[in-house]
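What follows are several structures.
Two complexes, one shared chain (chain A), two partners (chain B, chain C).
Let's look at the complex of A and B:
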């Protein structure tokens, strides 16, 4: 269907001089049409509509200027969810980076069965976030859950302990689920960088009498630092976009609510469409600023001819 | 570098810990799904199932028809499973096909606007989905495409196209140009070259793009929560619904979770090589 539309568009435009150019335009037409209709148009629409009042429960869509944006400043719930999001970003990026590098260094030392270990490690990333959430919801379950079961076996007083009752332990519990899903990405990226380090560097260091720790800090860490930066940026963006696990585990609870849940509630429960749009733009800009390094890298390696 | 015995023991202890962290929660879900509900709250806790039952799966799949709270769980579950498979497969096929055709054009064919178009499409990788979600919702309502396979598939395609395109173009770029030039001298047309020479050579890259798209679509939650609420509801939207009632049926949840785990697990076990290469191309470049 799209191919036919593409060809008719092409005929209207007509005058392409050589065959390659015509064929090229025909081949990219599905991409252009899809992206224009479902990404670029909605994106422009978001910007435009965020300057209006759009609420299916109220008639008309009057222009309100930047009111949707200034309202954010006095929105207490939004403030709390921003704080939660920044806490998630800090905890997740720290844990993913530190433990991810450790795990990658471990796997890098393994000689047999490395691909099977890697497959096991990647598995949590491949599962739907919702499934991860229910897996951990069952582990955290107060009366019959695995976590309290283990702690009780160890002789600790955690029988029927409720992990989501106070804010600190709830945030940590939710973060653990997110880290469980996202750490594999850090491990894969860092491990690939470690494997690209030539062996002769380590040989030379060994002849000079360096120990393993010295080699790790003097050779490995500096050479994998670009990969660490990439992994951290990926982790940051993922933590900003955190929704699935938090929504399934704790729902709308203000204690653990990240900004994405705030957007969802404002838009699809309160039906403040334009406020939701303004909010999603602000979150996008913040996460874009943070991921600027990542984007610059993409551009740098996008060279033509 | 030679590894001393204590060092190797340390490494394997670390690896064991890593495996317990990664697989332990999954094991616990699988184990619970075949444990009778009456054994769940046994204390001290049993780390291995003491009694075996297929009761949860039977209720879930409607093998011995049982009703919970008047709702036929298995009918919902079967259609959700089917919906997940349909929407994920359809998105994967269309997304990879469109990205392969376009990726080839962006790599080998010269046409006006090639560079800005490519940059514009790839730049959307940096834009989170929710930034376009609300206008999309209104658009889909206008087109009567909310809760249809066409609607959800179109959204998934637009969401996963940039990554697939980015990945496939780097694959096409790494293919030797000489092969295509030789075919061209022999009088082969562009499309013949694309379908008979380039695409077969790019099979590993196509597989990687397909895996990333499939897993992405299979695991989506927020998008189908909004765009597939009832008739096309996938597993990811159905499973949390088991957990929002007053009485949470962990037997059903762990059984449903186990089934939702199987598909990604098979992909990881058999296609991990392609998956890892795709992850790296998608994140490192």
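Let's look at the complex of A and C:
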């Protein structure tokens, strides 16, 4: 009797388990199918196409192996645009992270009207990149630009100064526009993490005699580090995909040309489609590898906690 | 009674025949096509065409720089971006090699081809890939009042006179930067350099596509050095390193902030003469022949045409639009929208009627218009142009010498030719 009951229970469990599995499969099927159709298939197709010569001006699409990848090594313009891109990534990720955390910490102190401050802060991120770039183009304008106007009023010799005629100032000027657009996202992510820290941790630290700086370094920073990693990953990917602001402000100028503009020129101007595909894949891999550094760091800290 | 019966029969016959007659007059009535052109275009184009042919037109306009990516993405995917599209002279080599456009050589009659001389720029072998609709060649646009204020009575015919006049205008204090010259990494910077190369008496390549701009005594080299010198002398705004030709036209020349557009577009004369559109310069702008080193003017054509993608499902209706848009009557009418006719007959008629702004100069300059590339636009033109404007931008910013710039253009061209 006991054995029969046990078998019955086991059968019911099995049936329930199968039912759960089927339900699980049904629930994940839409996202798996969507990802397969819109991400994995195009990705594999792009990899395959990047191993061929796809140029509408030449007949056929012969297999060329890794020629599109090896050609990158002798492309001087590409080399320069990679250097520009790495500079953008370094400046943007550093500035967005440091100033984003500081801004989030400041907003976290505000008790009244925080939502209005957040709404205002998020505005540049909500605007399209092209709109932000056009606004900043007016700010940087040599004649009637706001920036030159302010500096001139302060007695500095910046009347008719052209910010994009010098590589260093051009890169910084273009980076500022990108940081202006992307930093609000870092603020929102970090602020959400800060608000999830229990108050009693700060109360205990205060009782132990910890000051504000100590509490920030010993409690806030460690507890928001996963959020910082997410924000940095997002910032890194966005900086590698940097296009709009550089295109609107300085066009195809070699001084400020990021790798995505190089891809655009190769693909749509020169019609070297498979070379453009190979370049896109390399950008994807490099940005993922750089992002992986932050992600692995968070993963480790999460597992060890 | 008999009269009534006869009248009724006649009326019935008329009612039956009328739609058939209408169909004969408008055989494609009821069809719909899409047309993609650069902005701005006349507001009544679609309605006028539909009224005449019964074909409905969905006219889409984009800025000139945005059209090419839209065309290329659709064409590479095997679909038609529109039934009729813009077809720039500089795309001819690439688009012919890609075999994306319908051959119109048999659809366009010999008289039209003869009347529209620029058709040859869009002809590869025996194939006519586009019918030119806007006659864009280069003249020099000047603000006559600025010249008069500086005490200049005779317009320049040589480059030395041009520089002397610009210095006189600057010295008078009328404007800070008398010469409008794009130096940004955009097509406008390239086309200005091509014109100056012609003005210095040279060409870009020989018949074997060997660069003719590498030595300091070559025209191309002198043209680049000339541009650098204009900038150094304070005759060109340093901010031009970030400005397209259209921006210099709209924000400087149209506002009276600069006096000379070296590479002027004749089509803009209408805009500059209209007090509503250009209150600061209306009545003061004129076209003059392009000054050269020798004093004998030179220019080249940058025509834009209409083409029909092979993937278009409405090629017959599209062809009707191309024919209508490039007809003499419409070209004369379309001049009011700033589009200079490509038909010699239309140009002559407008000039005789006194409607062509600076008509004598335009008609005279049109006699000196050459193709930029005698062998036809090469497939690698975009890479060449990109190398040119990037080099000009580098020289203007002081990051490259003229010598390095010329070598970088030649290297990039060589690389593009071998790809």
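Throughout what follows, the second predicted complex is superposed on the first by the 250 of 305 C-alpha atoms of A that agree within 3 Å, B and C clash if a C-alpha of one lies under 4 Å from a C-alpha of the other, contacts with A are read in each partner's own complex, and residues count from 1 in each chain.
Operating definition for what follows: contacts are C-beta pairs under 8 Å (C-beta built on N, C-alpha and C of every residue); 3 or more make two chains touch, one makes a residue touch a chain.
Everything numeric here is computed off the predicted structure, so don't read it as measured data.
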{"item": "Contacts of A:185 with chain B and chain C, given as first, second, both or neither", "value": "first"}
{"item": "Touched partner set for A:268, first chain B, second chain C, both or neither", "value": "both"}
{"item": "First, second, both or neither for A:252, with chain B first and chain C second", "value": "second"}
{"item": "Contact breadth on chain A, by residue count: chain C or chain B", "value": "B"}
{"item": "Which of chain B and chain C A:210 touches, first, second, both or neither", "value": "neither"}
{"item": "Partner chain(s) touched by A:290 [first = chain B, second = chain C, both, neither]", "value": "neither"}
{"item": "Which of chain B and chain C A:57 touches, first, second, both or neither", "value": "second"}
{"item": "Touching partner for A:142 - first (chain B), second (chain C), both, neither", "value": "second"}
{"item": "Contacts of A:19 with chain B and chain C, given as first, second, both or neither", "value": "first"}
{"item": "Common interface positions of chain A, toward chain B and toward chain C", "value": "141, 143, 251, 264, 268, 273"}
{"item": "Chain C to chain A touching residues, read off their complex", "value": "68-69, 72-73, 75-76, 94, 97-98, 100, 184-186, 237-239, 241-242, 379, 382-383, 386, 389-390, 393-394, 396-399, 416, 419"}
{"item": "Residues of chain A touching chain C in the complex", "value": "56-58, 141-143, 160, 162, 164-167, 249-255, 264-265, 268-273"}
{"item": "Partner chain B, residues of chain A touching it in the complex", "value": "2, 16, 19-25, 27-28, 30-32, 34-35, 37-43, 45-46, 49, 102-103, 106-107, 109-110, 115, 117-124, 126-131, 133-139, 141, 143-144, 146, 149-150, 152-153, 159, 180, 184-185, 188-189, 192, 202-203, 206, 212, 227, 230-231, 234, 237, 240-241, 243-244, 247-248, 251, 260, 263-264, 267-268, 273, 276-277, 280-281, 283-284, 287-288, 291, 294-295, 297-299, 301-302, 304"}
{"item": "Residues of chain B defined as touching chain A within the complex", "value": "1, 3, 7, 11, 14-15, 18-19, 21-23, 25-26, 28-29, 32, 40-41, 43-45, 98-99, 101-102, 104-106, 109-112, 114-115, 117-128, 130-136, 138-139, 154-155, 157-158, 161-162, 165-166, 190-191, 215, 218-222, 226, 235-237, 239-240, 242-244, 250, 253-254, 256-257, 260-261, 264-265, 267-269, 272-273, 275-276, 279-280, 283-285"}
